[in-house]
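Beneath this line is the structure, given in structure tokens, with notes to follow.
Labels run A, B, C, D, E, F, G and H following the written order; every chain starts at residue 1.
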Amino acid sequence: MRDLLEAVAAGEVSPAEAQAELAGYATSGAGRFDATRESRSGVPEAILGDGKTPAEVAALAETAVETTGRAIVTRIEAPAVTAVRETVADTAPAATLRWDERARWLVATTPSFERPSLDATVGVVTAGTSDAVPAGEAAMIVGEMGAAVTRVDDVGVASMARTIDAVDRLRDQDVLIVAAGREGALPTVVAGLVDVPVIGLPVSTGYGHGGNGEAALSGMLQSCTALSVVNVDAGFTAGVQAGLIARQIDATR
Amino acid sequence: MRDLLEAVAAGEVSPAEAQAELAGYATSGAGRFDATRESRSGVPEAILGDGKTPAEVAALAETAVETTGRAIVTRIEAPAVTAVRETVADTAPAATLRWDERARWLVATTPSFERPSLDATVGVVTAGTSDAVPAGEAAMIVGEMGAAVTRVDDVGVASMARTIDAVDRLRDQDVLIVAAGREGALPTVVAGLVDVPVIGLPVSTGYGHGGNGEAALSGMLQSCTALSVVNVDAGFTAGVQAGLIARQIDATR
Amino acid sequence: MRDLLEAVAAGEVSPAEAQAELAGYATSGAGRFDATRESRSGVPEAILGDGKTPAEVAALAETAVETTGRAIVTRIEAPAVTAVRETVADTAPAATLRWDERARWLVATTPSFERPSLDATVGVVTAGTSDAVPAGEAAMIVGEMGAAVTRVDDVGVASMARTIDAVDRLRDQDVLIVAAGREGALPTVVAGLVDVPVIGLPVSTGYGHGGNGEAALSGMLQSCTALSVVNVDAGFTAGVQAGLIARQIDATR
Amino acid sequence: MRDLLEAVAAGEVSPAEAQAELAGYATSGAGRFDATRESRSGVPEAILGDGKTPAEVAALAETAVETTGRAIVTRIEAPAVTAVRETVADTAPAATLRWDERARWLVATTPSFERPSLDATVGVVTAGTSDAVPAGEAAMIVGEMGAAVTRVDDVGVASMARTIDAVDRLRDQDVLIVAAGREGALPTVVAGLVDVPVIGLPVSTGYGHGGNGEAALSGMLQSCTALSVVNVDAGFTAGVQAGLIARQIDATR
Amino acid sequence: MRDLLEAVAAGEVSPAEAQAELAGYATSGAGRFDATRESRSGVPEAILGDGKTPAEVAALAETAVETTGRAIVTRIEAPAVTAVRETVADTAPAATLRWDERARWLVATTPSFERPSLDATVGVVTAGTSDAVPAGEAAMIVGEMGAAVTRVDDVGVASMARTIDAVDRLRDQDVLIVAAGREGALPTVVAGLVDVPVIGLPVSTGYGHGGNGEAALSGMLQSCTALSVVNVDAGFTAGVQAGLIARQIDATR
Amino acid sequence: MRDLLEAVAAGEVSPAEAQAELAGYATSGAGRFDATRESRSGVPEAILGDGKTPAEVAALAETAVETTGRAIVTRIEAPAVTAVRETVADTAPAATLRWDERARWLVATTPSFERPSLDATVGVVTAGTSDAVPAGEAAMIVGEMGAAVTRVDDVGVASMARTIDAVDRLRDQDVLIVAAGREGALPTVVAGLVDVPVIGLPVSTGYGHGGNGEAALSGMLQSCTALSVVNVDAGFTAGVQAGLIARQIDATR
Amino acid sequence: MRDLLEAVAAGEVSPAEAQAELAGYATSGAGRFDATRESRSGVPEAILGDGKTPAEVAALAETAVETTGRAIVTRIEAPAVTAVRETVADTAPAATLRWDERARWLVATTPSFERPSLDATVGVVTAGTSDAVPAGEAAMIVGEMGAAVTRVDDVGVASMARTIDAVDRLRDQDVLIVAAGREGALPTVVAGLVDVPVIGLPVSTGYGHGGNGEAALSGMLQSCTALSVVNVDAGFTAGVQAGLIARQIDATR
Amino acid sequence: MRDLLEAVAAGEVSPAEAQAELAGYATSGAGRFDATRESRSGVPEAILGDGKTPAEVAALAETAVETTGRAIVTRIEAPAVTAVRETVADTAPAATLRWDERARWLVATTPSFERPSLDATVGVVTAGTSDAVPAGEAAMIVGEMGAAVTRVDDVGVASMARTIDAVDRLRDQDVLIVAAGREGALPTVVAGLVDVPVIGLPVSTGYGHGGNGEAALSGMLQSCTALSVVNVDAGFTAGVQAGLIARQIDATR
């Protein structure tokens, strides 16, 4: 950021351009990072690892740590984790890294970073083990936005007894994210049993007709109980939406 | 049929051709009616009303009554019902007609017709009132094939209590046909609660993405509990499949 | 309901069956009405007018008024409105009816009915006049669930100035429902400008490839800003989801 | 399981929760295994190998052997077979393993395990060699459910003589599973020649328009002879459905 | 045509433009009619009735009769038939009209018109009565191109005996057009039984998934016996293709 | 084959079964090979290499050479070529092998094999170099069926001059196979310029919407000039259809 | 507009709001009309008749005439034409109306309205008569934006001679809009023959697979010659795009 | 080329064929290169690297350099770059090569080659870093056609401020190519803010429903502001279309 201001001082960049730059985004060689996104829209900026080289991910993560004290990366693979680790070790040696290899996310934070803390709880519910990846991504971003997370796993409708056993815990949450693949019936069943808002998260399991999460998505859109829905495997989006609702609930507590 | 035999006698039709003709089908001006289908494949021949004129339906129904003692018509509209009624009144005045206006089927039988009687019960289950048409068509053909029918209506998953209340009745059936539209979750839920074979029958309700029964169909194909499935609104096919299973069960009792 | 209890007294219905019946649903000839749905899942039961005869709609509306003091009907046409009006005039002459001909909903309430009142505001935003029907349906059910409604109309992205003019009003809401047809870009743009949860409501406008709301739906599911989404034209579902969020916000105020 | 009971004793888990746990499912680190699924719904619980690590497959197989005396794994690859073999060798050294490399299933059983034995025969029919994988999966689960299996291979409709040669054998079965890829005409042809229930099993062969089994699936759903259908390559589901029908037939013998 | 030549004489139209005009097409107010199409590509120009007003159809038919001695109209409705009849009565009172109301085609010819006569026979085969419309259109154009037509009707695969009875007649044709709706298996079965080229003609019957002829089309494209295919209901195209093959066969006789 | 006859002699196989076996097909461990397909339906049996192991391909090729004097393999990869070469070297050392690496086909023939010879010529036309694979497959099978082949390459519509230059050569053929990918316009253009039957062969080029040959296929099905069509990349099918037409033409010469 | 200014004067509307209002849009009861759209984006605001009542169309047309001196309505039906005629007769009696019944557009202008005049020519090309509606809509808006229009009709690829005859006229245009339905090959062919930018306009003709313009659209997107494309039947969009290009060309002349 | 002329001299090739050859295309073993495409249609011939071997790419590039002084290759991988480099070093050692590894294009030019120079500027706009590949391809071909290129990157609608900051720069261009993936809203937003023609370039980002650029494509086709569109990732086509427009603008300056 200093570089930009010095460029202004040197007349290389006009004040108008600098203002635009400072109003929202920092530029590294690997793209722009929207440093003020959180203050503007309540959503922490995250870096999507898919389709970027390890070096690009590391450069964006460095900018994120530098400008906001935290880097959130989703869909990250091991080589990019190594690259981020090395880069951050250089430029922010006091930062701590958390990495969930299965759910494929990484969060780096500086010691001075203060995560928001919301007085609201989000339930993250899965039908089976194959829902773990998007559900894990959702739970991570809910936590980074400051809400408490309750995990309720393996309550798929094939064994309805499990689902019904969990009803009291489900009713205690402020918002529910319900992940399910194949026919995706779980969010429909849950929404008929509770009185809290349910966000359906379709998961890309299943083969043949309606596979890759398409049957789950269309089933949730057609649900005879009221749901809102995100795209297939869009755990990040489901988590952000739940986090925004948690912010509204917290604001009034 | 006499015409054919006389044509053989007259040398106009070869005995070989006559044999083929008599082995399976009677011809009227409106098409062929497969009079021996039931003995060959266990399935009563039925006349699909859709896309035929009232006169064509009536001609085929007349041939059916004449050759097998019974006419089954599906997807029939009021004008065709009238045409059949008049035709049958002429040629088989002792025949009785049953017509289900809502489920759109008609069955005409002569007094001498003996419906098969199977020692097996088929449950026909619906999620809501809009499933009544294909479910009614299924129940009719199950009955015509000789099995007992138990209707279990309005047990949709939006109110899971209704579904669970019905479990004992569902477990008492030999086979279940479960109809559902929109997200089509009911057969999945039922199949997880019972130990009898379940045939999923998707219904063409719902609008938007996955509407017209497509979400229900793909959800049933993707079900995490084991189902077999028929096409959207194919109540006749579901009923025949349940009837064939009932025949196998009966044969062993 | 009295009939049921008398049937129990007469031994025609077991207490167990009666309990199930009373726990959640009343039965009329036209289907079941889930009278306790609101207490169980926070969602008022509504009657979908599409695909029902005027007589069926009226019978269900009568049951609804009788058991809950209110009938909500969506996608209702004029003949069914007349039928409801006549039936309600008979059985609940003091009831008042509101009918929105354009948005095709009807609400009947008895004088003693107390609508819930939530301390939360839902913004209902449209891109153009053709979004009025689902947006109106959404606004109605939000109101019936007790939240305040703010309408922000005609802020489509073709004239970005209109959208930006509305930002302050949009930021003042607790939740936003944003309706848009054709390419459906409005919810994406709005979600980038505010910090409240946005529910995207795709509308079935547009012809050719991606028409009937399919482009709007897939665009909202792919949005580069975080949204949750409902099916095409599913104003009722969007409204219920916003209402459930409003209930959570209210509970904490 | 002992851990759970001790946790109850220690007051860490309530009896109610323990009851639920014991009523239906055992938990390992790799997910839950539904140990009572067979008694509840007549379907042996199986482990889907696809998308699980060898270690996860092995852990679930171990739990399965421990709680039910048998582990069934479908879509298993060689490394997972090795992992299961090693794990089972440790914890149940007397167990025997059967592995079909081509059809990709593995079954492990302890000496004390008693496979059910049903007095019913299921025919598993293929159109060509590429149908072997799902047909083999179907035949395995039919056998594990206790029915006899008759294989009728390579009777594709391109050489109708082969199909007609097989008719007598086909008519002798109690139920038929008919697998076919490409245009999937075989189940339609077979169902016209026999009087037993036919379950169509579409296979993911074929390229271009309608490839990957989509033409076969839609053709079977549209069949002019009565079939029920499972999803593309869903040999396990077809086998379970046939097994459930066989159970009904056996129960009456 | 005289008008054009006079316009050339008058200098209003250049000889070059006139040459282009005369090389291939005549212009009426209702569009251009390609009068030399038959000599150029062997295909008689036909007028598609769908989407044209009766007056437009009549004007084009008049041009056709005037320039080639014959008008062929497909997908024609009764009002357009009347319009053609009146127009032709005026301008070519000696012309004869043939109209097939069911298959919706009309052919008008002047007494001097000489239909080509080919020494080749085309079999037109149907699976059921609902295939009659496109099959009739195909048979008409085959006849207009000069080949002999053999109709083989109602040989659907649900009763394989009928199909097999017809094999000898099928093998006697030079080319076969085989029409079928729903799952469209008939052309596949026929092509396995004969050694003549088969053109599959999918018909828009069937509802639900794969309905409107889509399953038939994709099944024919995936056929395990060699077929070429035309679009759903494209009887005219199938007939022209068979006619062109018949021309080649005739040329060598 | 001797094994079978000896099994009959030994009473292990009934004469009836043997008759069926000999009537059409020889069995190796890798599946059945339909040895009399050519005499029955005019189409030489071919082995599809895709999805088979080299050993399976070699075993089927051996059976083919043994029973018919020729093996035709399509979509074959180098390892399978090696396997066939070795197997044939053992069992039929005098056989000759031709392999087209680019078009991925292999033909092995014994010295005594007599390829049919038809007095007819098939033109195989391509729009660009990426059409070479299916066009090459088509040309091979046309040749094996005995017709002469004329290749006309690189006449894509982007440079219409090339197409028009080729018209005379195109008009000289008895049948045309026209391959094209992307928008697939070439067969439409060619069919407007010639008076011989055209078979459209869509090729799986192109990315994005309509890619993988789907736009080419649907364009050919919608062609405003009369074509018949085969599936995407189905060069074998196109070639067989052209070969069958050539047989009809030859029969009359 | 006066009302707004008076509301400002009265303190009922803030100057800021008024500024926004005046910057771009006028509000009638039937929706907003974007009066400054033309000055901002170069595109005249048009009223889409589809889905609006005659009264709504008339109210918007009145606002358009009042604020910009011109009303453009597309997809208008006769009753709405009458309503506009009456409304305009009242409020702007000197205005003139042009209505193209076939292409379904209406333009009303006041005597003082000055249509822009651009020194650029746009060719509007059609393949057949069924392309007339979207082509007419395109030609109208090109004209209203001020460019000259050259119509080149009936040059479909079925008769390539017609297309080639037209090449010189096509090469003389500054931009071409080429409309085509069914397989949509014409824009591909034209773009290979000229050196001016071509905008492909797919038309919703054709039935069966790829019908309703889908094959034409995907073929144009896949074209082997460079095109840009608009949606099916989107004549207005094609015309505006050509008009914007004409403006750029004119600006430099 | 000399070879051809000598073949003519030798009587091996007719003058007519030679004329055709010279009128438009040069032939190498790897296919034809359309050397006069640029003079005929204004579009430089380019070589698509995808699906060609390095040797084929190099042979075509050699022909291109030889006949036109320039070779343009798109979608080229490193091995093909090496092959081209070596071949060109042999046959045109003075040529210079430019290679953009990220956007995957290569341009080789001889010293004597004169790139056209147009007095027009094309803006190439991206929403994010993942749009770089097709945008880079578009910018390259615009440059090779002679227009100036302005890059405006990272102005995605998630941060509307960035977009609005760029408006003045966008309005200064003669034509805009706007690339965007996921929901593809950027071209719609930009076209509402400027008065120059906008070409939408959908990019194959995004997963789940509407992924791979399908949502972006359908959204741009449905845009409520006027756009023309190219296929997903078709940067080359977008660039050529912009270049053709630039040529028209230049011609009038």
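Quick note on the criterion: a contact is a pair of C-beta atoms (placed from the backbone, for glycine too) under 8 Å apart; a residue touches a chain by one contact, two chains touch by 3 or more.
Everything numeric in this text was worked out from a predicted model, so none of it was measured.
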Inset, instruction - Based on which chains touch which, give the shortest step count from subunit A to subunit G. - result: 2
Inset, instruction - Report same or different for the subunit A and subunit C interface, where same means the shared residue numbers exceed half of all residue numbers found there. - result: same
Legend entry - Chain separated most widely from subunit F, comparing mean CA positions: C
Legend entry - Chain pair showing more contacts of the two, D-F and C-H: C-H
Legend entry - Rotation angle (°) superposing Cα atoms of subunit F on subunit H, nearest 5: 90
Inset, instruction - Report the inter-chain centroid distance for subunit C and subunit E in whole angstrom, where each centroid is the mean of the CA atoms. - result: 53
Inset, instruction - Take the average of all CA coordinates in subunit C, do the same for subunit G, and state the distance between these two points in whole angstrom. - result: 37
Legend entry - Centre-to-centre distance between subunit D and subunit B (centres being mean Cα positions), rounded to whole Å: 29
Inset, instruction - Pull out every residue in subunit A that's touching 2 or more other chains. - result: 40, 128, 158-159, 192-193, 208-210, 214, 217, 221-223, 225, 231, 234
Inset, instruction - Give the pairs of chains that touch; include all such pairs. - result: A-B, A-C, A-D, A-H, B-C, B-D, B-E, C-G, C-H, D-E, D-F, E-F, E-G, F-G, F-H, G-H
Legend entry - subunit C contact footprint on subunit G (complex, rising order): 17, 20, 23-25, 27, 30-32, 34, 37, 40, 51-52, 56, 202, 204, 213-214, 217, 231-234
Legend entry - Residues of subunit F that touch subunit E when the two form their complex: 40-43, 119, 174-175, 191-197, 199, 217, 221-223, 225-231, 234, 236-238, 240-241, 244-245, 247-250, 252-253
Legend entry - Residue numbers on subunit A that touch subunit D, as the complex places them: 128-130, 154, 158-159, 161-162, 165, 205, 207-210
Legend entry - subunit C to subunit H touching residues, read off their complex: 127-128, 156-160, 164, 182-185, 188-189, 192-193, 206, 208-211, 214-225
